[in-house]
Amino acid sequence: MKKHPQLLSLFAFIALIIFVVVPFVPLILSSVSFSWRWPDVLPESWSFRAWEYVLNDGRTWQAVGISLWIALIVTAVNILLALPAANALVRYPVRGRWLFEAIIFAPIIIPPFISVMGIHLTFLRLGLTETVLGVVLAHIAPTLPYMFRAVMISYQTLSADWEDQARMLGARALPRFFHVVLPHLLPGILAGASLSVLISLSQYLITFIIGAGQVVTLPILLFPFVSGGDPGIASAYSLLYAAIAIAALVGMDAALKRYYQLNKAPQDLAKGGKP
Amino acid sequence: MSDLRIIDIEKRYQAVQPKNDASFMLRPVRLSIREGEFFSLLGPSGCGKTTLLKLVAGLLQADGGEIWVGGENLTNVPPESRRFAMVFQQSLLFPHKTIEDNVAFGLKMQKVGKKQRLKAARDMLEQVGLAGFGNRFPDELSGGQQQRVALARALVANPRVLLMDEPFSALDPGLRKEMRELLSRIQKDFRVTVLFVTHDRDEAFALSDRIAVMGDGQLRQVGSARDLYERPETTAVASFLGLRNILSGVLKNSRFASSDGTIETDVTKQLTDGAYFMVIRPEAIKAAEGNQLGHVSVSGIVQELKYGRGMYSLKVNAGNQLLECVVTTTQAEKTAVGEPINLLVDMEEVWFLKE
Amino acid sequence: MKLYPITAIGMLALALSACSSEEAGSATDADSLLTDDWSVIQDNAQGQEVNMYMWGGNDNINNYLDDWVAPRMKEQHGIELVRVPMNDAQDIINQLLDEKTAGKTDGSMDIVWINGENFKAAKDNDLLWGDFTGQLPNFNDYVDADAPEVSQDFGEPVEGLEAPWGKAQFVFVHDANQHENPPKSMTELADWVKQNPGQFTYPAPPDFTGSAFVRQVLYETTGGHEQYQQPAADIEDLEERLEPMWQYLNSIEPYLWREGETYPESLAKQDQLFASGEIGMTMSYDPALAASEVLKGRFPESTRTYLLDGGTLANTHFLSIPFNASDKAGALVAINELMSPAAQTAKLSPENWGDLTALDLEKLSPEQQQAMNEVDLGEATLSIEELEQNRLPELSSDYIDIIEKGWTEHVAKE
């Protein structure tokens, strides 16, 4: 009986290594290799040329900052849009609700290229191209569906009774939202936010067309190297990109934990002690 | 005087239907509930009792009518400002808050200071027998404990009316009884007006000062438990309260004859001639030979014999009529299914309903 | 949901962030810059921020612009040169087309790096500013404006709309340790391929380099390049003339890498095959690329480049100024500086880039010539002289379209 969980965690550990760590190994090797030729298993010698280029370039860090900034605003806007939309679609008998859902989910199915080509001219006329605002607006299309879906599922599992109960205890709309609805939605919001951040971070085409070279995110720097055939620099950028993405996810997770800790402060220990 | 008055409150179905009577979820209801009274709405599911409760709470928008408490018209006051409290079938404790914070929530909404509201919460928890549980979280409590917390949370802010929507129906029977006693005691201690929804006749009978029996979206009859049971105004109320021995027949010249011919007897009550239902409570029938003054004798065949709590319940086939009655163990031992039996109906206990 | 205040704050933050990236550009009487004195242009250029939109997938080129050119531009002319990385020059044209349609006059592209099809597309759609090369002192002093490789871009008359920046020439790349005598003509190549099955392939057109290889085959198998100097539409029997080329390509196909069932989809993929030793030969339209790959350790030390005996395709790449560039004066000064002998000499060095100069060597002073000749091109690169003497002109883009479509039909599908 006692051996069992240990064995399980060992398997989990091995799976983690195989599926998460192993794919990074060639990237790491390729980013520091010098003359790595088939059929050698390991590079002949090492070079930090790629990393020097990536890390010394001031644009890299600027791009990291802008990428995260955009992802953050996009996610914040998504939350503000998804909450009322999901609330309305789940709670009220909206006529033609399938149409609203179809519109919101369409960007997942329609290739972003098509929609972006369409909005590019409009954004040009509105002066939104080459601006962070324009890129943020453009990023909302492919990210909002995921946020919306996550929040909608959370709303579906929140019976209206909870809010009714809070009302009967004298809670007005705002306290109701913060004391009852938000805590319930939070895990869903976090899941949606994680996807939103990751998808925003990974946008190349949309950023490129709307940002028109003036909004330089990490993928904008990375892509020419992938297609231009410099695996060293492409690998180094990819690793940096992965590190940023992981850092963003870990950061959000920590923020959620902190939120729960603030709300459940001293009892957490007592709770952890129970089976 | 802070009576709760429900004046012609009504609710229609939202669906667009041609204007006819069938579109009512709740036909206009008029009720006056005294301050400190324990009032139950009793009826089968779908009868509109929960609708009425939510209309009183303000959680549903009425299509007509008014709600008053004392001299205050609450019809257009939102639920959060009515100073009512409500306990639902599920305890609905906020899972991320401690028991204490849950109980203190209503006071927090009233902007009562932290110290004061936590003290009130602890006192209230003691009242429901959960002293010392304040720092736990809802998922660490049993179902019964959770419902006690819900009760404490509802009462802590001193509501004008406590609304309860089948609060004990999710608990197992033993616990249900315990909770009824707790509620009864606390209701008397706090002298709070309670409007209680249930489909359980025994529960309503055990708790209520008065009961409104509902069916098909309207009030059928209002009265004390005894009133309802002994003097039901319609066969629907009678059968919902478990009265199965209903014989239709005609009363003429102080003599009642059931239409199937099972019973024909003189009636001493002052009643006009016409078609009647004769309602016989099971307790009004005993198994005995011969004849007795004020009783009418009916013979039949025993069809079913069931033991329950010290007594046997008996179903007897008399003519075309199935009569239910209760007999002692000794009487039951003298007979068996399929054997003939003679029954005596106490005419003093019989209730006549005009058809 | 009472979230309006929060939404409002969010939108405000967005609006503020948008303002900061707004640019104050003045395109007022920009067209007079086409006739103004150079000193006036230089004065106007002071303090301008010049955005140079160019392919960004080579760290050497990027570093040359960022570390060599940009600081000098700032120091000598007070111009902030900002390199904007692009994935494909085609994107520049699409972008400009949309901006033209939308009537955007304060464009942020000040200099664009283009040639060939992209230049033709830009020219046909009036996306370029005007005849500006005559304003550039370095163009007037060091460039032979009448030379065909400067006056024409893939057969399209340049008309001063773009200034030459560098030259490229098609070369074959092989590992001298593996194959001592590489094939120097298409006939020899066919034999070589048969003797070394699986060792040769070329990127599938419309890959730029793969398409150039097919044109190289065209010249050698259909009797020279001269016949194609007229528009494609004027040659009535073009189909028949191209026939030997398809025959040649199909005849070598069974002996190619993976028996010709697939072709590498890009030069990058092909180079990877060569780097890993899977194939024995690759090719490049950049004569110095092999040398720089050796420096990066991707290609073996023994990598060499060579030309065909009958010469190879050559082209020139250009810098141009879009119609709606906001900082045209700065763009003029920057392009002039990029064409200076000093900048061109630095560009020639494989450590910086290894790109051939666009200047006419004979117009340079003896010292300038010497500086250029002293640049160590690396063992893998041929001498400038050898390259110069074996140049063949490019085809105009109407041919390229026909050939790329024809390849899919005649070679890929069969």
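So that you can tell them apart, the chains are marked A, B and C in the order they are listed, and the count of residues begins at 1 in each.
In this section, contacts are C-beta pairs under 8 Å (C-beta built on N, C-alpha and C of every residue); 3 or more make two chains touch, one makes a residue touch a chain.
As the structure is a prediction and not an experimental result, all values here were calculated from the model.
Asks: Chain adjacency by touch: line, ring, star, complete or other shape?
Replies: Topology of the interface graph: linear, an open chain of contacts.
Asks: Could you find the two chains linked by the most C-beta contact pairs?
Replies: A-C
Asks: Most central chain by CA mean?
Replies: If we average C-alpha coordinates per chain, A lands closest to the whole-structure average.
Asks: How far is the middle of chain A from the middle of chain C, if each middle is the mean of its Cα atoms, in Å?
Replies: The separation of the two C-alpha centroids amounts to 37 Å.
Asks: Starting from the mean Cα coordinates of chain A and chain B, work out the distance between those two points in Å.
Replies: 54
Asks: When the C-alpha atoms of chain B and chain C are each averaged to a single point, how far apart are the two points in Å?
Replies: Computed value for the inter-centroid distance: 89 Å.
Asks: Hey, which residues of chain B end up touching chain A in the complex?
Replies: For chain B paired with chain A, touching residues are 14, 57, 59, 78-81, 83-86, 88, 90, 92, 94-98, 105-106, 109-110, 135-137, 140, 153-154, 157, 163.
Asks: For the complex, give me every residue of chain A touching chain C.
Replies: 33-39, 44-45, 47, 49-50, 53, 57, 69, 73, 76-77, 80, 83-84, 87, 120-121, 124-125, 128-134, 136, 173-174, 177, 208-209, 212-216, 220-221, 223-233
Asks: For the complex, give me every residue of chain A touching chain B.
Replies: That would be residues 93, 161-162, 164-172, 175, 179-180, 183, 260, 263-264, 266-267, 270-271, 274 of chain A.
Asks: In their complex, what parts of chain C are in touch with chain A?
Replies: Residues 1-3, 6-7, 10, 13-15, 17-18, 21-23, 51, 53, 55-59, 62-63, 66, 84-88, 91, 95, 98-99, 101-104, 108-109, 266-269, 271-272, 275-278, 296-298, 300 of chain C touch chain A in their complex.
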